[in-house]
Every structure is written in structure tokens, then in C-alpha cells.
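Chains here go by letter, A, B and C, matching the order in which they are written, and residues are numbered from 1 within each.
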Amino acid sequence: MKKLLIASTALVMVAGAAAAEVKLSGDARMGAVYDSEDWNFSSRARVQFTLSGTTDSGLEFGAKFRTSDIRNAEDPRNGNRGTVFLSGAFGKITMGDIASASEELFGDLADVGYLGDDQGTAKFGGTNAIPYLTLDNETTSGLMYTYSAGAFSVAAAMTDGHGYGSVAAGTFEADTQSYSVAAAYTFGNYTVGLGHEILDRDGAGLDMSQTELAGMAKFGNTDVKGYYAIGGDENPVDDAIGLSVASAFGATTVKGYVQKVDFVAAGVDSVTWYGLGADYDLGGGAILAAGIQDDDVDGSDPVANMGVKFKF
Amino acid sequence: MKKLLIASTALVMVAGAAAAEVKLSGDARMGAVYDSEDWNFSSRARVQFTLSGTTDSGLEFGAKFRTSDIRNAEDPRNGNRGTVFLSGAFGKITMGDIASASEELFGDLADVGYLGDDQGTAKFGGTNAIPYLTLDNETTSGLMYTYSAGAFSVAAAMTDGHGYGSVAAGTFEADTQSYSVAAAYTFGNYTVGLGHEILDRDGAGLDMSQTELAGMAKFGNTDVKGYYAIGGDENPVDDAIGLSVASAFGATTVKGYVQKVDFVAAGVDSVTWYGLGADYDLGGGAILAAGIQDDDVDGSDPVANMGVKFKF
Amino acid sequence: MKKLLIASTALVMVAGAAAAEVKLSGDARMGAVYDSEDWNFSSRARVQFTLSGTTDSGLEFGAKFRTSDIRNAEDPRNGNRGTVFLSGAFGKITMGDIASASEELFGDLADVGYLGDDQGTAKFGGTNAIPYLTLDNETTSGLMYTYSAGAFSVAAAMTDGHGYGSVAAGTFEADTQSYSVAAAYTFGNYTVGLGHEILDRDGAGLDMSQTELAGMAKFGNTDVKGYYAIGGDENPVDDAIGLSVASAFGATTVKGYVQKVDFVAAGVDSVTWYGLGADYDLGGGAILAAGIQDDDVDGSDPVANMGVKFKF
């Protein structure tokens, strides 16, 4: 009456040919959040759709989006906030809700708590997310190119700047174009990367840029990630620096990050914020996680959250 | 850990280990509705996502939500209107769009028609739904605890009252906290239950409560359910009483309910409403259903609906 | 090409009984759009849910909708923009977001580009979509009856005109009722059809109608479709005519359409618009597609799009 869904094992029976398919996975979380004043409950469940196929010549294509990406699209030319890709020997082209080239290769610092970067510090809103200049929030009109050859990975991303439909949704500024390029080199347990982003806000007469240097290392059971970002003259951010460490002790992983941003604008000098947390792996896709975060803005008190997160 | 789709049959093949998975089921309905003035068409289709997994120590976890629960979430800490749970020997903890403890254990009266409680009487809007004081409508920030031992079942539910994000959606009143506890005891074909609900509306300076006594019995092919609810001084409802009967004759089930609410407020004395309906099981998950409902408010005429409902 | 979840092979394992089930399929596209001024990126991914079952007496029932049909329903009696059906020897009844009877049997002209009718000409907004009078846009309250016997197919569609909930969404005009009937006859590679539509706008005091004559033919690898529509006195459209041709040369299909509408209103005389495109089948569900469209409205420049579309 219910169900069906086929196992990948069963899929093997379907000839040897690559068949286009739709797969489901999901995540959920439940717990409590302290916003520096009250404890609140917070839970969420999502399903991810992963679509994949292969052309006769061996190009791979696909798409993915989550139930949380489903929106009342205003323009039929724009879909949900997911991504669509086509890949082959030439590399991979991804369109839709992409990240900047820098974020694509370097990611963010280690997150803390069961909410990850969905909870920010009380006054500044800081999280483990690195303050990339472009595409750090949702878009529907981006184009990303990525390519890996041996130890080298490169990425380039851009938006068309015409804000198709997303202007109405208030999520994109018309006549704003963004470009970014990044490269990373991995040798053994070490990866170093360099990225550059440009945000051309014609409407506001601003031409902003930011360069990021990032490094990741693995020492035994400890992962370390750090970055330094320096902005151009017209940026709000002068420079930013951050570091995170995650160490596994059996089923327990202790994590922490600290970031500091210097602003260009007079009056606001700089903000430092940090997070500390621990994850305990319950097995089977369940993780118990707790974290605390704070910033040094006047009058800011710590925020925290504790709960369970699940993968399906 | 990811993926899935997997048939239960195929699942047998996947070792003995419990794998986290996402399953699909669905429901749909189509028919016509008489709103006391016109007949209208009405149809609906939904898919439910059921996520489930097991930790290494044997705790079960999961989540479920329907496509109709998918919303444009305003606060990333709140997801859709589904629920997430974790259960073990200690009982079951559920978070998200929960019901009150009383509704969790007693449910509502027998519903009529293919629309169930989605159609109410013309003037009062009454349905088979029992007028619980708390959590009778959607929430995203509730916490429920349930536990069963032999013939006993207990439940406790609360909301944090801070209305995370749902204030914006107008679905939750800030500074309103709700609490409820309920217990049920089953002996043979009989179940009796008692529940108590508190709605603390700090904002409005109101402290409301309601106590429910419920009984369910099975006589051969007939199910009977009744309740009596008595409210506190600051409630809108003074007391309420209701009864439903559902009798199966082969593939046909005849159902009816009647409810009466006495109000505290002067002017409005009491309202009585009822519903009568019949279901015919077509097999394979399809049911033909018709129902009529009415209340005794001045000038109220009967409403009715007739259609088919499907389970997938 | 479609598929999955399930391999029919795996389904065989599930006894012989017809089981109600939920299947997933999907589509996606990515490319660039020229709106006569700028080139923009545009991508989209969707998943379709197909629900199906069979009653004990052999009636088939089901429903389907896409993730892009999921809306914040304002009235619980209305679901998403999908459809629900029940079929048997008597024919097939479909409710929900149906098309007009004419569109159900004749469809639209051959589409061009990877965006199909999601891109219209610059000034007039014309596409390969035939200008049917009724139900050409979304509805949630329609009823469709279809029946086929040998070479004959008939369809009848209507809406109840009360605009349940959809008034609030601005997608349906209250007190507007639509009716349509259509028939088609197929002999060998030829199909001819006749349809009639009525749009009764009580609110606006208008009683509109339109009659369509349609023909489809297959000559070797070439598909030709044409129609002529003539409107009533109170219509905005006096008459309309259109033709499309699609010819396959190996993996390449060249397509084109042209349409002309004469308006009743003085001042605007008539508009002619056309589209030209080519599809290249990459296999495995992927198609490379490009198209250009234009109309003869003063100052209108061509629009175009080029990209890849995928089926999963």
C-alpha cells in the first residue's frame, strides 16, 4: 500500500546501462537553543532529491535540491534554490544556487552545535561561516565551473547580475554582478588555496573585491583550517582572519573556531567571535551535538544550542 | 547513511544492519462539496516522507512530514510543519508540529465525508475535531513526551512560548506557553483517559485550563468514542461534550458524531453540531465517502461532501 | 528515460497483487536566455510524484504533482496544483489543475529552445502555446472527463466557478465558469479534432466562446500540427491560426511554429509570431536545445535561449 523505492542492489538488475534516476536522502535535527535570553525548542526535517544520469557519450548530468529549497517561484524560468550540473573530461558546470569559487573550494570553518551556522552570536550574528564577499546567500542565477587534475582544483563562479525574478523576492540586487576564481593544491595531508572575488554593484556605484588565502591540514585525528581575507578599498570589510580546530577522541569530536573582522567604516573598529562545541557519534547516522558561541560586541552574551542531528 | 529508496523486500538483502532510510507514501482525494449554498469541486494529493534510523545502541530516530507541510520557512531554525523523534526504553520524544498530550492519546471523534475535518458546519465551523485547548492548530516549536507500559500510556506536551519565526507567519502568539499531560488505560476493548491542558497567555493576561475525560469502546464491529471537557474560569469554553459511533457492515462503515459546547461569554449560550456519514471500501486503498454536517446556530444550513479518498 | 524507483523487475518480487505506490521522476534544465536585451542564466530542477493504485473491482486511481506545484495552500480543501484521477471502462475522471478539453486532446504546437513555453516573445509574450480560451493557466478546481474508443477520443472539462481559495491567490476569478468539449479522430498517421470552449464571466457580464479545429499528421520523420480558432463576439480574440513542423534527422530535430491572432478590439489589429529551434539528443535523457522567437509588434526584437534539458 505504501512504498516502494528500490534499492541500489535491485538497480543492479536493471541492465548494465546507466539509468537516469531520482534518489532520496534526508536530514533532521531536534534540540534546544539559548539565544542569550531564553531557551527555545527548535527542530527541522528535510529530504534531498538527487537526480542523476549519463549521456551516450559518457557526460554525467544531474541536479539536486531539498524540500527546504522549494519556493513559490515567481518567474517560471527560475526554479527552486537547487543546482543543475553537467560534467565530463572538461570539468563540471553547475548552475543555480551556487556558492562563490572560494567557498566551493575552501568551505567554512568547523561548525559547532546541532544547529551549525543556523545560529549566530547574539549581537554580531557571527558563525563558523567565512565572510566571503559574493554568493554567500542564496541565488538562483549563478554559473560555476570546477575542474580537478591530480592535486590541483580550480573553480570559477559568476552571476549574470540581472536578478531574474529574485529581485522581486528581495534576494538579489539588480545590476549587481559577481565574479570569483579560486585554486587549491593538496599535498599529502595539507591543502592550500587562494581565491579572489569581485562584486560589481553598478547600481550603488561600488566596485568591491576580496582575496582569500586558505589552508587546511590533518594531523592524526585533528583537522585544522585557517584563512586570511583582505578586502579592497570600497569593501565594508578591510580584512578578516579565522581558524578552526576539530579533534576526534573516539566517538567524541571537540571543535572550536575563532574569527576576527576589521571594518573599513569609521566607528566600528573590529569584531572577534568564536564558537566551541562537541559532537558525540551515536552511530547509524545520529550525532549528539552541543555548542556555545559569543562575540566581543558591547553587551553581547553567549548563545548556545544542544540537540541531536540525524542523517538518512 | 545517505540515500535510499529501498524496498522493504530489497532491504532484506542489505545485510542485517538497520539502515537509515527515506520512504514515501501518499494520499489523495477528489469529490464535490456543498457549503450550504453551492456545490464545488475539491481535490488534493499529498506525499508523505518518512525518515527512519537506529543508533548503535538501539535508539530509534526519525522524522516525517508531507508535501503539504512544506512552507517558505522564515527562520532557518524552524523547518516545515513535520515532526522529528527519538525513542528508546525511556519513551519517545517528538519535536515540531505536535498535538496536545490529550489529542495525542484520545484523538478526535469519528470523521465523516471524504474531506474529514477539512469541512466544518456552515455557521460554527464545527467538525469531528474535539475542541482541545492547546496545540489544536499548527506549531513548529512543540515538545512531546510519550511512554507506554502494558495497558498504560502517558503523554506530556509543551511549547516554549517564544514563537520563533512563527509570529511572523501569524500562526503563533508570542509569550503564549502551553502545557498538557494525559494518561490512558486500556482493558480489553475499553480505553479510558484523562487529560489536562494549560494555556498561559501572558500577553493577554489570561491563564486558561481545560480538563478532558475520554472513553473509547469496541463492541463487535462498532467503535464508540466519547469525551467530556470542562474549562477554567478564564476560558472561552465552559464545558464541552461529544460522542461518536462507527459501525462496519461488510465493506460499508456508517459513522456519526455529535458535540455540544457551552460558552462562558454572555450572549452566546451553547452550540450543538453533528455529522453523519458513510464510507464504502473499494479495496486497494480507495474509499468512497459521503457525509453531512450541521449546527444549531440560527440560520445555519447543512453542509455536505461526497467523493473518493485514496491511500498510496 | 523516465523511471525509477522501481524497476519493474523488482516490482515483480512484490507478489502479483497491484500495490498502491508512489513513484518519482524528474526533469531539469540549464542554459542561457536572451530577452532581446541581455543574456541571462536560467536553470531549474523538479521532481514529479506519481501515485497509483487499483481498486478490487479493477478501477484505476492515482494522482500526480511536481515539487514546483507545491504551494502554501490557503484553503485546506485545495491541495497543490496537481491532479487526481479515477478511471475504468466508463472513461477517466480527473480533478484539480486540469487543462481545457481542447488542450487535453490537441496540446500545443511544437516548442522551441530548452525553455519551451517558459520564454515568450519580447513584446507580445507569444509562445508555441495555442491561445485556448479556458483553463490555459493554473486552476485547482477543475473537473475533466476523457474517453477513448478505438480511433475516437472525447474530452469534456468544466470548473465550478466559485474559486475556492484561489481567489485569494489571485489565480481565479470568482463567478467565472468555464466549460469545454472536444473530440478527436485518428486514422493512420492523421488526427483531426474539433473543440468548443465557453467562458462565462458573470462578474464582468461577459459570455465568451471559442471553437478550435485542429489537425496533426506524421509524414515519415516529420510531424505537422495546425489549428484554426474562431472566437465569439464578446471574446478578445476574433480568430487565430497556427502551424508547427518538427523534422528529425538522426539525433537532430528541427522545429518551427508560426501563429497569428486577430483581435476584436479596435486599435490592435493582429499579431503574428513564430519560433525556430533545434534539439540534439545526447542520449540517456539529455537533450541540447536552442531556439529563437519573435513577433511583429512594433519595436519587438527576437528573443532566444540555448541550453540542455534532462529527464530522470
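The rule is simple: a contact is a pair of C-beta atoms (placed from the backbone, for glycine too) under 8 Å apart; a residue touches a chain by one contact, two chains touch by 3 or more.
Keep in mind the model is a prediction, meaning the values are calculated, not measured.
*Asks:* Regarding the subunit A and subunit C pair, does the interface count as same (over half of residue numbers shared) or different (under half shared)?
*Replies:* Under half of the interface numbering overlaps between copies: different.
*Asks:* Quick one: how far do you have to rotate subunit B to sit on subunit C, C-alpha fit, nearest 5 degrees?
*Replies:* The best-fit rotation has an angle of 120 degrees.
*Asks:* List the centre-to-centre spacing of subunit A and subunit C in whole Å, with centres computed as mean CA coordinates.
*Replies:* Spacing between the chain centres: roughly 37 Å.
*Asks:* Would you pick out the residues of subunit C that each touch at least 2 other chains?
*Replies:* If we look for residues of subunit C contacting two or more partner chains, we find 5, 10, 14, 20-22, 24, 67, 70, 72.
*Asks:* Taking the complex as given, what residues does subunit A use to touch subunit C?
*Replies:* Against subunit C, subunit A makes touches at 1-7, 10-11, 13-14, 18-22, 24, 49, 51-57, 59, 61-65, 67, 70, 72-73, 76-80, 82-86, 93, 95-96, 140-143, 159-160, 162, 164.
*Asks:* Quick check on the complex: what are the subunit B residues that touch subunit C?
*Replies:* Against subunit C, the touching part of subunit B is residues 5, 7, 9-10, 24-26, 28-30, 33, 38-47, 67-68, 70-72, 115, 118-119, 282-286, 308, 310-312.
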